[in-house]
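Lettered A, B, C and D in written order, each chain numbered from 1.
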Amino acid sequence: MSLAAADAEEPIGVAVVGAGYWGPNLVRNFQACPEFHLRWLVDLDKTRAERVLGRYSTVRPTDDLASVLADPAVGAVAIATPAGTHLEVAMAALSAGKHVLLEKPLAATFDEGRRLVDEAERRGLTLMCDHTFCYTPAVLRIRELLRGGELGELHYIDSVRINLGLVQRDIDVLWDLAPHDLSILDFILPDNVSPVSVSAVGADPIGAGNSCVAYLTVRLSTGGIVHIHVNWLSPVKVRTMIVGGSKRTLVWDDMNPSQRVAVYDRGVDLAGAEALGSEERRDLLISYRSGEMVAPALAEREALRAMVTEFGEAIRGGRPALTDGRSGLRVLGLLEAASESLRNAGTPVEVKA
Amino acid sequence: MSLAAADAEEPIGVAVVGAGYWGPNLVRNFQACPEFHLRWLVDLDKTRAERVLGRYSTVRPTDDLASVLADPAVGAVAIATPAGTHLEVAMAALSAGKHVLLEKPLAATFDEGRRLVDEAERRGLTLMCDHTFCYTPAVLRIRELLRGGELGELHYIDSVRINLGLVQRDIDVLWDLAPHDLSILDFILPDNVSPVSVSAVGADPIGAGNSCVAYLTVRLSTGGIVHIHVNWLSPVKVRTMIVGGSKRTLVWDDMNPSQRVAVYDRGVDLAGAEALGSEERRDLLISYRSGEMVAPALAEREALRAMVTEFGEAIRGGRPALTDGRSGLRVLGLLEAASESLRNAGTPVEVKA
Amino acid sequence: MSLAAADAEEPIGVAVVGAGYWGPNLVRNFQACPEFHLRWLVDLDKTRAERVLGRYSTVRPTDDLASVLADPAVGAVAIATPAGTHLEVAMAALSAGKHVLLEKPLAATFDEGRRLVDEAERRGLTLMCDHTFCYTPAVLRIRELLRGGELGELHYIDSVRINLGLVQRDIDVLWDLAPHDLSILDFILPDNVSPVSVSAVGADPIGAGNSCVAYLTVRLSTGGIVHIHVNWLSPVKVRTMIVGGSKRTLVWDDMNPSQRVAVYDRGVDLAGAEALGSEERRDLLISYRSGEMVAPALAEREALRAMVTEFGEAIRGGRPALTDGRSGLRVLGLLEAASESLRNAGTPVEVKA
Amino acid sequence: MSLAAADAEEPIGVAVVGAGYWGPNLVRNFQACPEFHLRWLVDLDKTRAERVLGRYSTVRPTDDLASVLADPAVGAVAIATPAGTHLEVAMAALSAGKHVLLEKPLAATFDEGRRLVDEAERRGLTLMCDHTFCYTPAVLRIRELLRGGELGELHYIDSVRINLGLVQRDIDVLWDLAPHDLSILDFILPDNVSPVSVSAVGADPIGAGNSCVAYLTVRLSTGGIVHIHVNWLSPVKVRTMIVGGSKRTLVWDDMNPSQRVAVYDRGVDLAGAEALGSEERRDLLISYRSGEMVAPALAEREALRAMVTEFGEAIRGGRPALTDGRSGLRVLGLLEAASESLRNAGTPVEVKA
């Protein structure tokens, strides 16, 4: 994978749509990227766009999306509006021949997401999903270690993402937070491993109308298990992922900047278990590794900056982005399965192929 | 609850049965308790008992349980043998008129546990389960805060108990580790809250023959949710329990001796949600508390010592122990429900009343 | 202390001088402050100023300080150049009738600093030192607790500020890092406590030409002791300050965002020691408090933003800033004493009044 | 270094003198060591000895030291009485031909310590100082890494040992706590590095009569610096030692059982600095390593057990113990120098050869 800087071509004109929670981050990072020339910040509420840009910016605020899409200087559109609007806004941008970057989740439903993916592919345009965490140095390293075999076979993943979060009116905690974990999962899984089924349980103890605490289980094609805990009600912020492998186990603690990733040469080995008939003999073959821990040096780099760079490179190269529309679609498939399971008391739901 | 020292009566003669993993801890604590006079250490393998006692002890090792049960100087028996033997050994002790302390779990099955509880009650003997964690200063404080209402209504409990554990041949990780969490749950729940159903998922990625990673969900009568993660394969040792309440949320981190319990005045409040029809209005009433955290001073005291003391006091007082046979039985009920759910892909199983 | 937003008057025109390490932070924060209108970014190397401003800014880059000082729209100048140039640049700005903000340390020497303070006072202009840490929510709280008496009498302060730092050619680690600790000390000390003497030891184990590791001790007028450890060679970043008081002790851990400040009701009490003649009796009167810890809720707010706001308010109000030139001068006095002690193997040096 | 188990010879009869704070730990560990046969526990207060032994022990309590020293079955004496009594008790034991283990510090003064060392050497008896920390797996590893050259040249050591400690009547915090750090220093230093001078500052802010907070600086023959912070008044317990080397830097955090030792491949390199005349050129040659961190797997083993074993092996082998009387004497030399410096406002004091 190459995240190298773009070449000396003319920067790509870009417009950011949505000046809410995430938009300002996109504005800042597109401005910092030489690959792009940020031309517009669009919001239905023009004063909100003006406020985000401040008094010193030459970027133009507007509430007129149609004009922006008609602007030939704009080659790409980054959309940070609510998921329910993604289909309409992104489809308009694609129809106008613009490359599109979408905030997670890709769309409000799997079917809407599929329509966007199909349209982009039909037109040969780049459709990318801003799975920001995938561009953190930590996750890039995890991907490398897991896909490169250094952790061995994947045994289990346990992810915890809890915090005193913004309780939302229209979506539950699964749709708010689990896209992060599921997009990371999609990103790091080796090619020969895939999710098979999803189950989920949740609770709404405060009466918010949606689950505020939820637990999601994904079964993998290899027999491994992935478990995700998302929670809006925790007074402490925890962002931990354990990736258990047959050779080594990796612990990612995103709240510990001085040691985000730790790789443990510790674990249980079960020599020749498959060949054994009797429990007595198997028992003798369990052994424990208790080796050292290595915390690799990771650059401290803003993930969003790398994501924006990848968007530029995918456009230039005419290749799918690392987190392209199809990965956004797979995440939607897992989320829809999770929602269905949640409605059915945790009954496992098969993942759409 | 009183854990006061026993009075000046003659100490109770006691025998420990089982010189394996846990027996030596019982030996040490019974020796340190003036309420008891430790007379025997029994093990099928007498040399193992001798090794535990060492070269300087006046306590007698033996492999002859029958003689010990016939010893009129022995008033109580503490049993630290595998769960599969609990029914036989404990029933023999009760039949001999001895008070009985049992390692967790109380028995191999709910039915066996019930037979022991019934027998003890019929004979008017003390039957106690060594739910050691309930006697830690941390759990005693959690119980006080939750039952005393200082945390408000119970919203959720999230417990994580993971470590590179001894993979066992005969039981899965649920039966090995979850008794700790379930006994704590049973201990701290207010009287008007009870478990309604249990579901569980698990995986055996190393091919050990039993689940090595498992997740257990308990639904409470109040709509609250309890979730427990137990895992033998984690290279890091985590023992954390979050107890989320409507007023405050408590975090117990047993791996942090300098601050095991922290009570956060942080959370989400949803004023008057029940009276509202429209989502718009509800949204306005969500508010966030962001107050201080208080870490109460806790004594550093060995839990097992307090447990042994409670055993003595329950015998003397002719009253049920804090963690009596019935609490051990309730834990067995939850474990059996969890196992049934595990076999059925996580389908919730009702808890036996 | 009031940090309230400025009134609706015309914003103060401001120029930032120095586009190196710290200048960009000033640029960002002056832009975000409605009290100011940022007009110029000055650097000897104009392209560096251009790079900092980027392609989207309406702020003007220049290398012509004289023109900026002649610009009547500029009412204030913020100087982030090396300390050796502070006297010249700041004196020019004061002479042009501009209010001045200076990066720490105020000047290269105590005498240069005094000339700036005198000049500003003679002209009735605001002279402020950017002791950024004093404007963190943590330090503001520490000041309040210590000066408000909630910690009791000040017994000791122990500060550690170590990291793999930029080894500098022209100054040692004391002059690089200790200004932070000393300015905090100056900021939080109650009015009736003052530094009396300073001693310092250091080492240059890598042969850099200046101390890379240093320890500084300040004796207080009350008999208390302050100790500061600064170090460029540590692979781990530590920023901890313990403020020990007779009633409570506060621990500030700036690397722990979820719990930066903790106030412990733990300590040693020595009742009536002063009245005792015999050691035997004194011994009996030692007692230990082992109470709870409280971690107050602190806003997460950028200190530099509050500092810039204070600069505006001090100018508007015609009052000394919280960290005015005189506080910068006191810090210089401590630094010069430390350097003298360092040259004399740690012999204590009296602090200039 | 070999810590192998002793051979099958007759165990060495041993008596422990002193049933106070530390004595019970010696009793427990001598009982657990097959190399020894614990025969007596001696205390001026016989009931205290009885209490320590408890009701189940075959070890004999006594207040009659003379009889114990006359007992031919006793080959060794372990002394855990106050330092002021070491000379008398240990000299009596040596005179009776017994091998001697002494709690730290070896004696109340350097001269008393020397008399003991001389006497033991004259008689060919083992004299060992219980520098317990030297036998922790962490310190053994640090010694190996530093003396083996894996850390490179020693640049600095920074040690912090603070806690809410027992304020003592007869000694200050330096004599109470710094022996731990100084004995570790003596243990881990390579043969070609030695302490040259010591300076110390301290404070007694609570009026206890002795310093409760102290800072000690040791200059090494190589230009390196060692700094030790000891403190009885801290509400938090910190035990950290940073060992900075030219190749790697090691951090020992004894309060973090899951990762006590971490070796960082991070640091500052100064290529060819010694050969340079001009500051400009030197500046260009500073470079930074930012490599991985490795936390070696360490056994969890009781240090005291290894210390007792070493005592037995030194006796059997007729060789000096790893922490023999001479090492105890060197620690006394550093302590006396520190006290002299403390009385002289931190003036450095040369270390006795």
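Here is the rule we use: a contact is a pair of C-beta atoms (placed from the backbone, for glycine too) under 8 Å apart; a residue touches a chain by one contact, two chains touch by 3 or more.
Remember, predicted model here, so these are calculated numbers, not experimental data.
Novice: Which chain has its C-alpha centroid farthest away from the centroid of chain A?
Specialist: D
Novice: In terms of residue numbering, is the interface formed by chain B and chain D classified as same (over half shared) or different (under half shared)?
Specialist: Here the answer is same, because the shared fraction of interface numbers exceeds one half.
Novice: Once you find the CA centre of chain A and the CA centre of chain D, what distance in Å lies between them?
Specialist: 52
Novice: If you average the CA atoms of chain A and of chain B, how many Å lie between those two points?
Specialist: Once rounded, the distance between the two centres reads 39 Å.
Novice: Considering chain B alone, which of its residues make contact with at least two other chains?
Specialist: 236, 266, 290, 293
Novice: If each chain is a dot and touching chains are joined, what shape do you get: line, ring, star, complete or other?
Specialist: complete
Novice: Can you tell me which positions in chain B touch chain D when the two form their complex?
Specialist: It comes out as residues 31-32, 37-38, 54-59, 236-237, 255, 258.
Novice: Okay, in this complex, where on chain D does chain A touch?
Specialist: Residues in contact with chain A: 259, 262, 265-266, 290-297.
Novice: Within their complex, state which residues of chain A touch chain B.
Specialist: Of all residues in chain A, those touching chain B are 153, 155-156, 158, 160, 162, 164, 167, 169, 199, 201-209, 212-213, 215, 217, 223-225, 227, 229, 231-236, 242, 244, 246, 249, 251, 264, 266-270, 273-274, 279, 282-283, 286, 288, 290, 293, 345-348.
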